[in-house]
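Both of the next two complexes hold chain A, though its partner changes from chain B to chain C.
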Partner chain A sequence: MSLDLILFTAIASATALSALTVVFSRNIVRSALWLLLTLIGVSLLYFLLGAEFVGATQLIVYVGGTMVLVVFGVMLTAQQQFLKIRTRPQEWLVGGILAGSLFVLLVNASLKMGEGKAPPPSEALPGAGQIGVGFLTTYLLPFEIISVHLLVVLIGAAYLARAKRKPKEAPSDG
Partner chain B sequence: MKDLFSFLPARLDLVAYSLVIGVVIVSFIAGAASIFVWLERKVSGRIQDRLGPTRLGLFGLPQMIADAIKLLTKEDTSPDVADKFLFKLAPYLAFCASFVAFVSLPFGEGIVAYELNVAAFFVLAVLSSEIFGVILAGYASGSKWSLFGGIREAAQVVSYEVPRSMCVLIPVIVAGTLNLNTIGRQQMGFFWEWNLFHDPFTFCAFVIFFIVATASCKRAPFDLAEAESELVAGFHTEYSGLRWSYFFMAEYASMFAVSGAASLLFLGGWHTGFLPFEASASWGWGGHILNVLVFISKCSLLVMVMMWMRWSLPRLRIDQVMMTCLKYFLPISCVLLLGVCVWELFVPSVVELGWRYLSAAACALFMLGLVFRLLTGPLTMPRGQLPGAWAGVETPLMKAK
Partner chain C sequence: MVELGLTPYLILGAFLFACGLLCIATKRNAVGILMGVELVLNAANVNFVACARYVPSFGLEGQVFALLVIVLAAGEAAVALAIILNFYNNHATVDVDKADELKG
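Our next item is the complex of A and B:
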């Protein structure tokens, strides 16, 4: 077995295991922690594939940004009655069917994707420069749509979170 | 660097290499942290008009061994209400993040564990995940002080990440690459070749980056996660012994890492600034050693400035911290980013060269003047007179005369 294969097996199984633990853990803070480890595992897989830029982006966006907010929110809301998650049997059923069909779909798609193609040489993977040029030429419209979307989300979040001023009561003539 | 173990069979050399690199980085962090702790005690002592550790050996240097023994042998306690698993995991998470940053930090021409093409981005990404250790420690301790510390840390670091990334982008725009090795190589030569003197925007960006980096390392005056006057010791209130020492090793390691990033991005990396050629290319191993020494001393100098700031400035309130970031640093860094783009596109090379020489000369003259005043000034003031910036201020003793 080559070193790449050993590393891939180790990282992928650790990622899959922590993803399963996210679902099966009863404690919500532990779930958040395992989700963090899953996301780190995914970024490690990107690094292993040679996609350094995507790996670092995964780290800074999900691990450094999103997960901090998730953990932050979970920590503040994880009081006594919300700390443990109870799942009812019908939720297990619906969730299980959805997850199973999605899994079959993804496995099918990913097996078909590699068919009849030689693996790309590792040197030819695009770096940050090519990705940037691509964003501003070929994929300008999707890029702009996503940017405007994110801007709208940002303004909306700021609007929702702003300090709400109560209407000033008229000063009483004491 | 990678072919150090080429005598081993294929793939085994990579394993041996990564093991050795891991051990080297961990021991470097531990050694540097213990020296910085000694230095911090000395610096704080001098700033507060006392001596710091003196009893043990030369300059109290063996004190750091005593400190290490104390930390290793202290009892490892955890509170009853703590979430034990997370409580034990948190210090390692914090340490891992700072450790990984060193993997792509070049210490000299080719002296880097793994040359990443996006190293600048990677260092930022990894350092920003250090706060998980802090947040989890705050939550898992089961103490209100710790939770407050963790929450403050989360709010502070997430906000300061934005101006920090923007300030990193400014020299990256000048260099045209995210590879820290290439950025270091581009600044070869005399000190006016450094990115610091490239244009007025990079000069301001360095100052902003340094302040913001201090904040994201949760160093005073931004150490609200600890805030010993309000929160006992903040997020590490419940920690003791070795686990506590992982937190402060992570802190010193990330201070060193951001200083390393600052010196690579702005201060010429491993170049002395006085040699117009690459030292390692002409002098072989001697040059490599010189490069590493220069890099480490630049970083240590920046770490010392952080200590200087810590012991001279009072701690900010949390609303002041957030206001400084969102109302001042963020707009300033946006303006700097736009400014450097305009400068790169429209300013003729004559103006650029002129700015380089002028600003470098002004900085060098300022430093020389500072050193001259330090060397020629009196070491101690006569009785009843204040030194430094307070010279000439009337004191009660002067009034009595």
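Our next item is the complex of A and C:
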């Protein structure tokens, strides 16, 4: 048993358990908390794989930014009747069959794909410097597209979520 | 001596994907569905970074794509929450089953 294997087992089982609890928790605030733990576990896996920059970005952007957005969404839409939203059993059945069969399919594919890849390469992953150079040379076009896309998306989100004043004589529901 | 390979990471990615799919399919709260989408995106990212580590000459590409996915997920969460807030302002609920006005 190597240290990598022990660390992977611990982190992966914690992540998987948190992900299961996100699904089965009935309280949406608790779901958000467990999702936070899942994201932290995934970032620890990135550190374990040697991708420090991606792991740090995951911590900063996901845990620091996206989860704050989600928690704000939970708080802004929380009501008494909010907690009573229940899922019907037949929806659990259909969703469970779908997710279970897809899981089996994907595990089959992973077992086939992972064959022969057991010896890990000795060279380290490219670090932050190489990723930055890659973004400004080979991957310049995706980098520019995604930066403009992020700008457009944030302007659009601010426009959609702004406080609207409805006219008094002709109230519209749009 | 058991070595850690690519397969355990792919299986974990598949598990996270299945959890996200189940979350999307069963939650009726719109914010819960958004959480399921985040889980699915994270599953894809786990696969990308694991392949960056274990597939030769994929080291840079895997990390670059993972970073792009993280940025896209942030934008997706912002827009989805704006839409959910709009829906909540108009209908006073976040139950997605109530969003059936466009049903023919």
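Quick notes on this structure:
In this text, the second predicted complex is superposed on the first by the 131 of 174 C-alpha atoms of A that agree within 3 Å, B and C clash if a C-alpha of one lies under 4 Å from a C-alpha of the other, contacts with A are read in each partner's own complex, and residues count from 1 in each chain.
The definition used in the following text is that a contact is a pair of C-beta atoms (placed from the backbone, for glycine too) under 8 Å apart; a residue touches a chain by one contact, two chains touch by 3 or more.
Just so it is clear, the model here is predicted, and its values are computed rather than measured.
Legend: residue contacts after superposition of the two complexes on their common chain; A:Glu91 is shown touching chain C, with no touch to chain B. Using the contact criterion defined above for the overlaid structures, shared-chain residue A:Ala16 touches chain C, although it does not reach chain B. Contact with chain B, but none with chain C, is seen for A:Leu36 once the two complexes are overlaid on the shared chain.
Touch criterion met: A:Ala56 reaches chain B, while chain C stays clear of it. In the superposition on chain A, A:Ser2 contacts both chain B and chain C. Judged by the touch definition given at the top, the superposed model places A:Leu45 against chain C, while chain B stays out of reach. Residue contacts after overlaying the shared chain place A:His149 against chain C, while chain B stays out of touching range. For chain A, the partner that touches more of its residues is C, with chain B and chain C as the two candidates.
Contacts of A:Gly65 after superposition on the shared chain: both chain B and chain C are touched. Overlap of the chain B and chain C interfaces on chain A comprises residues 2, 53, 57, 65, 69, 72, 76. Note for the complex: chain A touches chain C at residues 1-2, 4-5, 8, 12, 15-16, 19-20, 22-23, 28, 31-32, 35, 38-39, 42, 45-46, 49-51, 53-54, 57-58, 61-62, 65-66, 69-70, 72-74, 76-77, 79, 81-82, 85-87, 91-92, 94-96, 98-100, 102-103, 106-107, 109-111, 113-115, 117-121, 123, 125-126, 130-131, 134-135, 139, 142, 146, 149-150, 153-154, 156-158, 160-161, 164, 173.
For chain C in complex with chain A, the touching residues are 1-23, 25-32, 34-36, 38-39, 42, 45-46, 49-50, 52-56, 59-60, 62-64, 66-68, 70-79, 81-86, 88-90, 92-95. Within the complex formed with chain A, the residues of chain B that make contact are 11, 14-15, 83, 85-86, 89, 116-118, 121-122, 124-126, 128-129, 131-132, 135-136, 138-139, 147, 150-151, 154-155, 157-158, 161, 165, 177-178. Chain contact summary for the complex, chain A toward chain B: residues 2-3, 29-30, 33, 36, 40, 52-53, 56-57, 59-60, 63-65, 67-69, 71-72, 75-76, 78, 127-129.
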